[in-house]
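What follows is a single structure, written as structure tokens, with notes after it.
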């Protein structure tokens, strides 16, 4: 019984590694507390995206994103794109996706991003401010996981806005934060880690009801014995988002 | 009409300086929008504390302080002590005040602080963790305004806790923030600036109803022609909290 | 200065009647506090819907509608349809519209309603429960304004759900409420009246950004001298939603 | 896994009756999910009040009681008095207790109630409005469980206020609600049932930290074989609040 209801921050978390196998032995407690039944109308390909969606849902709650808000999302990989879908579904007024790879930005546009910024070709801060009437975005979501982008996120947010630093940085990474930004501009900064069992339940419900259509993210299917090839594809191909592994 | 309702962050704020005078000319718009009538049962000494209380109220809302929470307050000057009174009134389970000056910590204890830490005599982090079962405080409020204390605040907070960086630092001050703290521990960091007219109204109501008894902070009365002496006293005397200037 | 920030409930509200004229004299205070500039890209036809949208926005906030929630909307007139658009924009998982007029339900479907119930042809409670797996809707919005529908709303909501009684009933109307519904099922019941200036500002922003595309509701344009005809059309024609009066 | 996190509204609740015994057989699932360890510094007498306190905590959350709010509590039995302690701890500006029994109102005063109204001697609505400047209370908590008091609660609340109907009425009880009260005055009405395991955990923590000092409610101790006598005392004696049964 967590005394705060924050199961994602548990001091005694049990991790279960080794999911790239045909069978996996799951500890009894995990079965009891964490197992979710896959609804009939949800395919394995979709169900496999429950975990990242649960994390994104959890993070999105922390942004306190409201109807009509302008949202900037840094990174248009699977996590950034899930944040995009989530933000749009919650009624964001304008969504702006930022990435280095044009193909990913195209993907974001097809998912409904109102604007995109290619960080390789444009000055991100300048473009972002031009797209937001000079105010910055109400909500900025960092979905990259680098010191540079964590720090840049703070420069894209509006007064009174919120920054969700979502991407995990390498251990030991520190960022510099201007105290005037927190004080005079009242920018709020938070991160998000993992998700609670309730977020998992909600995520699978969002998938089952097609509120979030995760299937669009699956760009390819591969067999379990192609797993190394799959990882290689994900790290080099500019067109792949999620590869479903079909054992 | 603020499009966000955040009047404290207004781009076109009108400031009014020079209050240490018998009369002051107040712009018409300020009279219309900001003037509050002092309730009959509120003295001038008390009414003069409306402004800091409004700011503290505004900041306190950002802490999302809940019943039973452990609250650490860094700095036991007038602002820190107002935060202490506010936290206690909202049902904090344990309040811990931190300062360098023993007399101020004694004052905090008389106002009901459960624990105090003298940063000159003790290792603050070690003491704080000892007082919180090793978890850190649910809410940490920095009411000093230095880089060192802003950074230290981040080390006193529990997983999933909130840090309110309330004291204004010198211009250009930057702090370093460990990304793992935001990510894995989900610590939320925010500041607070000023207050809205509604906070002022609520603050004066809290004073009038004696929900927050601000009179206890007035340790001395002085005349307007003693104003320099008053400032000197505040910066050197270890026993003064607020000096009421009676013209 | 409202002591609660609830300007819509003001004890000293100034009403301004007689808008069906080419010119109207507006009191100075109303100009100062309530006037909003129409953004360049918003037409008069759209701007005229700011008032109902502001009210719907205000009411919608009270429903605490969340991502994936099932929402039942009673009444598919202009207000019910605005609630439908709002609910969809906020990420409702399933929207169910209820009305007596098939044409209006068709209109709702074109706006994206997932399901419709014709109260003239179906047993509303039975159909609603069939569409919600027997649980009832997470949020029920009454946009009719009759004792019968206010009472029926309470029978359509799920355990722990919220009922927004939005339509104004004739003066003196009382409804009967089963105490077990509030107690054991924790159903929350609220109404909503009018909107604050901030809701107006947000509403016009939602119109300007096309977050809510209000133009789709304007089914016809008429001249000011056709105003009686317009009202007659609205009360009899089954196909009209909003008629824009162009002086 | 509750899909809403509302364990208190579970469709498959397991009830466990028969606690007035030296031993009781507890189902395994209840032990796993609901059992709480009693902290060392909490006596059995105090621990026995965890259940009602958890329910009161849960109900109190629904009132959204804020700092400085005026709170009217109908009924000064154990539940009403726990609500009083809770409201005061959360920073209520003024607490008003209403009961028929003078001794209970005296008890409320000793616990810090600012005002009391004896419903046998005074017109409750008139007195309440006199004590609130004619506005009514921001929050009204009904802790009696009768149709009359549920309906009266609606007459004691201010515009924009909240009514928590907390006392369980006899099965089949209906109340009449004025639609104008919900619509024009935006009064919100809700009930509360039971509590979640997390509320239990928080309640026992509030007891252990003496944030809520429940011991003051125990007016007498009796043996298990005096249980009938104890119930008789509670239903007739005007001075008893809680009787601790010591087996």
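Each chain carries a letter (A, B, C and D) given by its place in the written order, and its residues are counted from 1.
FYI, a residue touches a chain if its C-beta (ideal position, glycine included) is under 8 Å from a C-beta of that chain, and two chains touch if they have at least 3 such contacts.
This is a predicted model, so every value here is computed, not measured.
Visitor: Please tell me whether A-D or A-C has the greater number of C-beta pairs in contact.
Guide: Contact tally favours A-C.
Visitor: Could you pull out the chain whose C-alpha mean position is farthest off from that of chain C?
Guide: B
Visitor: Through what angle, to the nearest 5 degrees, does chain C rotate to match chain D on its C-alpha atoms?
Guide: 180
Visitor: List the interface residue numbers of chain B and of chain C, divide the shared ones by all numbers used, and answer same when the ratio is over half, different when under half.
Guide: same
Visitor: I'd like to verify one number: the distance from the centre of chain C to the centre of chain D, where each centre is the average of its C-alpha atoms, in whole angstrom.
Guide: 36
Visitor: Centroid from C-alpha atoms only, then distance chain A to chain D, rounded to Å. What do you get?
Guide: For chain A versus chain D, the centre distance works out to 42 Å.
Visitor: What whole-Å value do you get for the distance between chain A and chain C if each is reduced to the mean of its CA atoms?
Guide: Here chain A and chain C have centroids separated by 34 Å.
Visitor: Would you mind listing the residues of chain A that make contact with two or more other chains?
Guide: Those would be 202, 205.
Visitor: Which bits of chain D are touching chain C when the two form their complex?
Guide: Its residues touching chain C are 4, 6, 8-9, 11, 62, 147, 150, 159-160, 165, 168-169, 171-193.
Visitor: Considering only the defined contacts, which chain D positions touch chain B in the complex?
Guide: It is residues 57, 67-68, 86, 89-91, 93-94, 202, 205-206, 209, 211 of chain D that touch chain B.
Visitor: Can you name the residues of chain C that touch chain B in the complex?
Guide: 1-3, 5, 33, 36, 197-198, 201-202, 205
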